[in-house]
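Take a look at these structures.
In the two assemblies presented below, chain A is common to both, partnered first by chain B and then by chain C.
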Partner chain A sequence: MYTELNSILNVTPDSFTQGEFILVSDRQSDASFLIHHFLSFYLRARCKVCFLGLVQSFSHYSAVSQRLGVSLTQAKEKGQLIFFEGLKESLSILIPQETNPESQAMDFLRDPSVGLRSLYEFVRSSLSSSGGEEKGADRAEEWGPPVLLVDDLSVLLSLGVSVGAVLDFSHYCQATVCSKLQGNMVMLVRCNGLEEEDDGDDESSDRLLKGLTHQCSLSLHVQGLPTGYCRDIHGQVEVCWRRRQGDGTHMQKKLFQFKVHDKGASFFARGTSNAVL
Partner chain B sequence: MLPELLQGSDAGGFLIIQDSAGCSGRHLLKSFINAALNREEAVHVLGFEISEEELKEELKGSLTQRLHFHDAFTDPLGWTDHPAFTVHQFGLEELTRLVKHTSHAKPAILVIDSLSWILRHVSPPVVCRTLQQLKKGGAVRAIIGLLHADMHQRGAVGSVCHLATSVITVAPRMTGDEALAKITKRSKSGKVVQDEEIFSIKEDLTVIVMSKPSHTGLKLTDPENQETDPTANLTFNLHLSDTEREAKDKLALPFVFSKEKKTALLHSGPGSGRILYEPDVNDDYDQEDPDDDLDV
Partner chain C sequence: ISSMATPGNSADKPLAERSPFTTTSFQKKTRSKLISIPGTRPSVQNGQLLVSTGVTSLDYLLGGGLAVGTVLLIEEDQYDSYSHMIVKYFLAEGVVCQHELFMAAAQDDPDDILQELPHPILDDVVIHNPVEQPTLSCKCQDSLDSMKIAWRYQNLPKVQSTLASSSRFGHYYDVSKTMEPDIRQAAKCHRFFLPEHLTQSSPAQCLMLGSYSALLKSLQEVIHREGFDLANAMSKSRNILRIGLHSLGSALWGDDLSFHVNPRHRHALTTFLYGLRALLRSSLSVAVVTISSHLIQDRALMGSITRLCDNAIALESFKGSERETNPLCKDYHGLLHVHQVPHLNCLASYLPDHKDLAFKLKRKQFSIERLHLPPDLSETVSRVSRGELAGAATVASPCGSGTFGNKHLDF
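== the complex of A and B ==
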């Protein structure tokens, strides 16, 4: 959890807006440090978290979170964190074994054209069932609003899922998590190509990013510096609020530069890095 | 022209608000809903991308009993057991039934948020046919639709926009609150009017037109610039008097060679150095025969 980012977004683990869809995107850069931020943020905020980790193993996220001062293993044992390890699950579908019962969530691997309905069902059941369990058994602790984190959606495109199917998936997740359960949602999308003018035949990841931008309420777009590599500034992040804010503005954009450290990240206004001043 | 459109579209009107990822047109759509509600008209909203709570939250001030929300947000594809409205129900009969269901004396206004969602799942010809039938059908007085233009191929956007009587394209401005609206309006006589306006939307969803950045405005300022003389009010003197001009003409420029200068440079005076050169044998080196000096 990066406190500087919290103050930019005007949130704390004790008070944050519910029902938000936060889109994290990057272009020729790496925004995964923001996923780690949000993971540790929501775990500290005592939310019930469902994490769809499609690109890395659990131990990877666990190791990074350890550095940020949050233990994923403990959170998992307490029932606060539901970790979906996409790499393992896909393996169990591709190489069926008797020992681990295969789940339905990754069904789209067999036939990408069926869409992501089963993955959505997994999200819905893991986040909304928590309410019933709490009432039934006292042993479960009370958790805050549900949170869905996805790292990252563009991997689904590589697995053969169409852009439309991913947008449907995110729409259903938004309708369930943000609107019905009043929770939050953070999704990461990565674009590799350069930004191009509307050519009609954009790359699919660009189309996905546009569609999700229309859906989200807050977007964080990470880019490299336009002037090239720099040792002291790792890139810039554009924060864009798309819903009406308290002061009545519709859309607000702010640009910050950042540097990722070993145990955190610092954010500063353009041109005010320590190396410059 | 924007206030004019907000005031009330003609019967059979079809308005499209086009936006892109950089600038959302949903606020303008809400303003249109608000304006219609204030005119005491019944408004049916087909919400694919917006939840009922979110829509009604901002319309708090105005009367919402004439607002009928058809929920296509929670389950547009029928993934759960009891979908309220799915995208495949988007057809003339179904929509007429929905609108007629609440009996009202006069035909209502149908708001679609957004057409993009429908276009992603239903083929453009089918969407166009349904829209055209609705327009002619008489069940609805006017249709207002939001369209994310950057999510579709140009052909699909074009064909839907051809059906519309008015198209408002929203584009971002430098400051966050303002936006630029490019309006194309086709009147029944076939006349097409185009206009550009800068607008902002207040908290109570009223639209304020700030100014017109249209090209006529630019042309108005142009002749002004031509008339004004840039040398009129200068703090220094641009003109030369006769004596000043004479003095200027007399002055020799530093790097112009006059005859005196040339002779002074070429014929050096007595006592200056001189170069003596005696040709050496080694200097007579033949490029073409490098082994010339060998005794063979």
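== the complex of A and C ==
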């Protein structure tokens, strides 16, 4: 959890708006450090978290969260965190064997045309069943609003899922998590290469980004510096709020530069890096 | 074993034992349970277990070496000469460190590739660490004897004008000679030659993977059978599996990425890389993958391929391009681009100081250097005009009597 980002977004673990869909995207840079921020943020806020880790192993997220002061293993044991490890689940489908049972949630790997229905079912059951289960088991711990985190959606495109299916998935998740359960949702999309190439046809990850940007209520777009590589400034992040107020949407944009440290990240206004001043 | 700094469990990372020759009076207390694998060292940044790529300056560029459990993607240069060389260095380093090898190719027989490994230069390894390489000592004796006149200098560290990490970890190789067969045969090699696997397609293979299905299955079998799995077989002595995958995505792998803008098996390679990452993350293995990216028609695909690997570098050789004859490039054989640095088990990854890099292949070293223009030492260029100007201005000067503007050094 990066406190500087919290003050930019004007949230704390004790008070944050519910029902938000936060889109994290990047281009020619790496925005995964923001996923770690939101993971530790919502775990501290005592939310019930469902994490779809599609690109890294649990030990990676666990090691980074430890540096940010949150133990994923404990959160998992307490039932606060439901962790879906895509890499592990995929192997049983990619290398079919008689002995181990096949994962249902990743069945799009067998045939991408079926879409992400089973993955959505996994999300829905893990987040919405929690209330009833707690009554039955009479758990002492009571968790806050449900949160869905996905790292990252664009890998689904690499695995053959169509853009439409991914947009359907995010729309279903938004309807369930944000609207019905009044929880939050954070999704990461990573885009290829250069923006606005003149060849006309949109590339699939760009189409996905456009679709999701339309759905989301807050977007954080990470880019490399337009002036090129720099060791002391790792890139810039554009924060864009869209608030629906009465008759229309109200947009507000802010641009910050950032640097990722060992145990956090610092955000500063353009041109005010320590290396420059 | 639980304390080994591998991608599986590096949360509690102890520093594995350093090589014995860096002894000081202060010694780090290490637990007796700890098993150190030869040819590995923990990263100074995040305690990850690293292995050398066999190219010392490439190790430095990657932040000390390749983290175990990661994939290094090399985008091939146009004729695949230098990228092929790096794969050979990577495998040769595995032979010297007594790691196990897995080589897969569709074009050349993997055995042929293994026969062409460069000859290791092992002098300092034997001096410092005679126990580790008992079989190699006789070979190293002649390389010791070779330095008769300048014997005083033989124990000095090699001159570090190029990028190199300070401690000895990788080795140097002589590319003009091939590795002796008996050294090579001491290492355990697994091979995968695609033409041999074309007929035996299992009924239950994953359709998405296409021809890579057999490769992934074979990899998983080796990892499982030889005990590289982190989950089970704890009792076996630990070793590293080095995986070399040559020219993935080429037509010989049955992929049509290089023919069409919208290939039919568009997702076969990316799905394979996803499966490869899943395998590596749960085992003590490390992979180098080369892809001839200039042949892939769909440019956007290269981005997804890069993101599914951990490290990504691209080689751009001057061979065949007009830069080959350009005097500014005469010191180098090509350019090296760093496309991606790994973010594994840490937030802040190691970042190189600068990204303008060039490489050259010398007989004993593949070196990566910061690109700079050579100093202009020739007599004729660009200084003539200044000399003429100066000559015209100082007609009356006492030193310049007689010679005007033709030489720069006139007294």
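A few points about this structure:
Basically, the second predicted complex is superposed on the first by the 261 of 277 C-alpha atoms of A that agree within 3 Å, B and C clash if a C-alpha of one lies under 4 Å from a C-alpha of the other, contacts with A are read in each partner's own complex, and residues count from 1 in each chain.
To be clear about the criterion, contacts are C-beta pairs under 8 Å (C-beta built on N, C-alpha and C of every residue); 3 or more make two chains touch, one makes a residue touch a chain.
None of the values given here were measured: they were computed from a predicted structure.
With chain A as the common reference for superposition, the partners chain B and chain C occupy compatible, non-clashing space. In the superposition on chain A, A:Val239 contacts neither chain B nor chain C.
In the superposed model, A:Ser32 lies in contact with chain C only, and not with chain B.
Once both structures are fitted onto chain A, a short way to say it is that chain B and chain C open up an angle of 100° at chain A, using Cα centres and rounding to the nearest 10. With both structures placed on the common chain, the touch criterion links A:Val11 to neither chain B nor chain C. Number of chain A residues touched is higher for C, counting chain B against chain C.
In the superposition on chain A, A:Leu225 makes contact with neither chain B nor chain C.
After superposing the two complexes on their shared chain, the closest approach between C-alpha atoms of chain B and chain C is 7 Å.
Overlap of the chain B and chain C interfaces on chain A comprises no residues.
Interface residues of chain A facing chain B in the complex, by the touch rule stated above, are 117, 120-121, 164, 167-168, 171-172, 175-176, 179-180, 198, 200, 207, 209-211, 213-215, 242, 244, 248-253.
Residues 30, 32-33, 36, 56-57, 59-60, 62-64, 66-68, 87-88, 90-91, 93-96, 109-112, 154-155, 157-160, 190-193, 203-205, 229, 231, 234, 260-265 of chain A are the ones touching chain C in the complex. Within the complex, the chain C residues that touch chain A are 7-11, 204-209, 213, 216-217, 220, 266-267, 270-271, 274-275, 277-279, 281-282, 299-300, 302-304, 307-308, 343-348, 351, 353-355.
Residues of chain B touching chain A in their complex: 20-21, 23-24, 27, 49, 51, 53-54, 58, 73-77, 79, 116, 120-121, 148, 150-151, 153-154, 172, 176-177, 201-203.
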